[in-house]
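Here you go, one structure.
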Amino acid sequence: KDRFFVIAGPCVLESEELAFSVARTMRDVCRDLGIPYIFKSSYDKANRTSIQSFRGPGLKAGLEVLGRIKADLDVPVLTDVHSVEEVGPVAAVVDVLQTPAFLARQTDLLVACARTGKPVNIKKAQFLAPWDMQQVVAKAESAGNTRILVTERGSCFGYNNLVVDMRSVALLSRGPYPVVFDATHSVQLPGGQGISSGGQRDFVEPLARAAVAAGADGVFMEVHEDPDQALCDGPNSLRLKDVPAVLEALLGIYHVTRRHAPVAR
Amino acid sequence: KDRFFVIAGPCVLESEELAFSVARTMRDVCRDLGIPYIFKSSYDKANRTSIQSFRGPGLKAGLEVLGRIKADLDVPVLTDVHSVEEVGPVAAVVDVLQTPAFLARQTDLLVACARTGKPVNIKKAQFLAPWDMQQVVAKAESAGNTRILVTERGSCFGYNNLVVDMRSVALLSRGPYPVVFDATHSVQLPGGQGISSGGQRDFVEPLARAAVAAGADGVFMEVHEDPDQALCDGPNSLRLKDVPAVLEALLGIYHVTRRHAPVAR
Amino acid sequence: KDRFFVIAGPCVLESEELAFSVARTMRDVCRDLGIPYIFKSSYDKANRTSIQSFRGPGLKAGLEVLGRIKADLDVPVLTDVHSVEEVGPVAAVVDVLQTPAFLARQTDLLVACARTGKPVNIKKAQFLAPWDMQQVVAKAESAGNTRILVTERGSCFGYNNLVVDMRSVALLSRGPYPVVFDATHSVQLPGGQGISSGGQRDFVEPLARAAVAAGADGVFMEVHEDPDQALCDGPNSLRLKDVPAVLEALLGIYHVTRRHAPVAR
Amino acid sequence: KDRFFVIAGPCVLESEELAFSVARTMRDVCRDLGIPYIFKSSYDKANRTSIQSFRGPGLKAGLEVLGRIKADLDVPVLTDVHSVEEVGPVAAVVDVLQTPAFLARQTDLLVACARTGKPVNIKKAQFLAPWDMQQVVAKAESAGNTRILVTERGSCFGYNNLVVDMRSVALLSRGPYPVVFDATHSVQLPGGQGISSGGQRDFVEPLARAAVAAGADGVFMEVHEDPDQALCDGPNSLRLKDVPAVLEALLGIYHVTRRHAPVAR
């Protein structure tokens, strides 16, 4: 919780080429800025809006790519798991496990992830209150694991829309675990395009700034070389070329917030 | 879609005795009113608020009880499944499979349930818009199964609260599948008691009436002999002794709505 | 609170001709069904989305039309007031005063209306909880007036959308005053067309049925001969020709609910 | 729009003494930090939750106090108006007029304020979408006045709760007018204490930081020497002694955001 960090990568492992390209650029940008970086990408999108949508390379092929990124580029990697069966193989490869927001209440999945002893990034569900996360986190802790991160990614707000309650970021950051702000899923318009989710890329940056100002310890971002061609989450993904400027401002805000602890209670 | 029906039972299989007692009474009450009845209870509560909460007898023991209720009392039974692995054993026993609301977007689970050929009751997630259900249903249909029911159980409304949008019931009822209103989960206050969900039993009845008036084809209700002692969902469960009066009014409203098709478009 | 009643008319007094035509038809339809009827129309729309929108004939000309409808057609009339200054002249003509939803918290307006001694229909604001209405009603009661009606017209639900929480109808109906369900404003999409509000006429009927089933004592409806040509609230207004069928079903549901008092607490 | 500014003062003019004390301290603190400061306080709280609540000294006495603060302390003053009749007398004294959030759609009030030629701070209603403010602002502009400020103060989020959508701050800040973030009303829990509104003072600071990071040009804060004794809005008011530290951090964030214009679109 003492250094600003970034989790980023393409939403899904579209191709090994794209994954390496994004990972390499992100690693170099973050190194220049002195920001610890973790590569993220999914091997399977298990809950796409439509059954027609691209899901990814699958567990085996996906883990191979993640393993090579880790080895060849020397960056830690993170991915999300969707069932208890996947936890073992995934934990054998990645540095951080992530539980999906929709599955935040599935007790067995949380416990299985925590039991691996690896750090677990628990995404807060869109349908949970900030304080509900205490019970969610307790499920992971029950397995004896306290290497936990908690991610805010927006709350249900009417239909096909999310709102980020910055009180949630502030509240979670008063807890013992690092708080991540998922800046790109937070601007999704779930199901907003009928057979896929829409997104509001132009709000990624102001929301990320706001979240860091409210107390987030790190940010999570989907990044793509050409988001309009992305096979998943394009409308909300950040352009790789915009990343350096985005991170510079976030780092500036982060430093202000760390110099000035909140006083008003 | 041409007869009012009821799905009901204790939230979880607390004991074989309770399950039989509720099933027998419900069966007799519904028979007297000429209402088709399906017994519902869970063998595992996979997403309780707290890890301390009672989860149920588990898959094997639970399916045995469900099998005996079906055989001994001659009532069809329904239960919910939480992972692809459970689908096969469950489908071997029950008459209707049910997918949980939180898992409404998990493609593999929906497809696996649909592939059994058994009727599938798909619960609409609290985080989905009514029209989002078209893509959810399409996932089940992709497996060649059109024996589908769709259940409304409320939408996220601020924190620790749900609201039932009766436009959703009306919209879903314009589709090809029977629409169920889950009258007791709809009055949950999710996480509202800190380590468990609260509930507003006194709103079960007005909401059920409203949903039937808005076009619901059937209702789903958690019923218990003594809800205050229930091991799960007590605050929102209906008292068994209140069921006959509740159903009589619902049946009256159902008949009015079927005599008078909506005209205003 | 012992008879189902209807408040209806064109949103705004577009022309004396339209007002008389709607009032006469509504009066005759309601008489045939044995339903007490109150004519409603506005002389001024003080809070239109856009400054370009039609506002109405104004206080003086509007009250003259309302006075003639009352005298010539022998129907009680209701209209809404928007400032303390208007209360006196309006109360001299109409049978029921109405306070707008957006102004539900303006203490002086509520008190001024109540002081006239006339019945006051208080619309619940879109931004208030059902229980907040107790303090709103207390403001009117403080003027010694208990001839109060309370109207439900939907709650904010994300942006440009309202949801009707039928628990609100049920809760308000447990109080001492008749509860009105405003079936046409409840399906507005506020600001949903950029320079005016959209509406979902096809949900008027299911929502009205649901509200009566949940305990509403009467309904409020904007009615127009040709809603697509209406100068205000056309998208959510009901077609005059559809009214008899709509009311027949509501009356049927009303009678079921009165025969069967809710039992489940 | 080129300098960070602060609007602050006690919610209501409880006493001349308190008003002077807060105004003097705020003026000095802001001068030291190089921040333009405007004093704000209300002469009448026209929409309190309960009719029992304190409303203020009234128009005449209140304007006298505001006039003396302006003259004696040499600070510009702002207050809110609640009816067309009040606009003239208020405009004769104050430097900035303010329209209340609940009245954001009352056309006549907006036009009357704008017609004075004085700057008008228009508060966005809790029931409006960010883009709805374009039509609200257009009403003021129609009177030929473009000295407009737009204030974000939260959106309805379930019952008795507000959420601040930082996308709104970002969107409004892309328009031509300065955007104010009302940091203390945004943490109100409207009606949350039954006969008065609750508040979450501990979220004032993180939300203000977030809003400035998202693009707000200035902040609005209710400030009191002893909030727990305040006659209005105590639970959300900031302690006067905490103001310097709060503003210092906001100024730091403001400077970061101005050095780094958002790039990601």
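Order of writing sets the labels: A, B, C and D. Residues in every chain begin at 1.
Methods note: contacts are C-beta pairs under 8 Å (C-beta built on N, C-alpha and C of every residue); 3 or more make two chains touch, one makes a residue touch a chain.
None of these values were measured; they are calculated from a predicted model.
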item	value
Interface sides of subunit A and subunit B: same vs different residues, half threshold	same
Farthest-lying chain, centroid of Cα atoms versus that of subunit C	A
Inter-chain centre distance, subunit B versus subunit C - centres from mean C-alpha coordinates, in Å	35
For subunit C paired with subunit D, centre-to-centre distance based on mean C-alpha positions, whole Å	33
Multi-chain contact sites of subunit B, meaning residues that touch two or more partners	155, 157, 159
Residue ranges of subunit D in contact with subunit B within the complex	157-159, 161
Residues on subunit B engaged by subunit A in the complex (per definition of touch)	46-51, 55, 82-85, 102-103, 105-108, 111, 125-132, 135, 138-139, 142, 155-156, 159-160, 190-191, 194-195
Contact footprint of subunit B on subunit C as seen in their complex	155, 157, 163-167, 169-170, 187, 200-207, 209-215, 238-239, 242, 245-246, 248-249, 252-253, 256-257, 259-260, 262-265
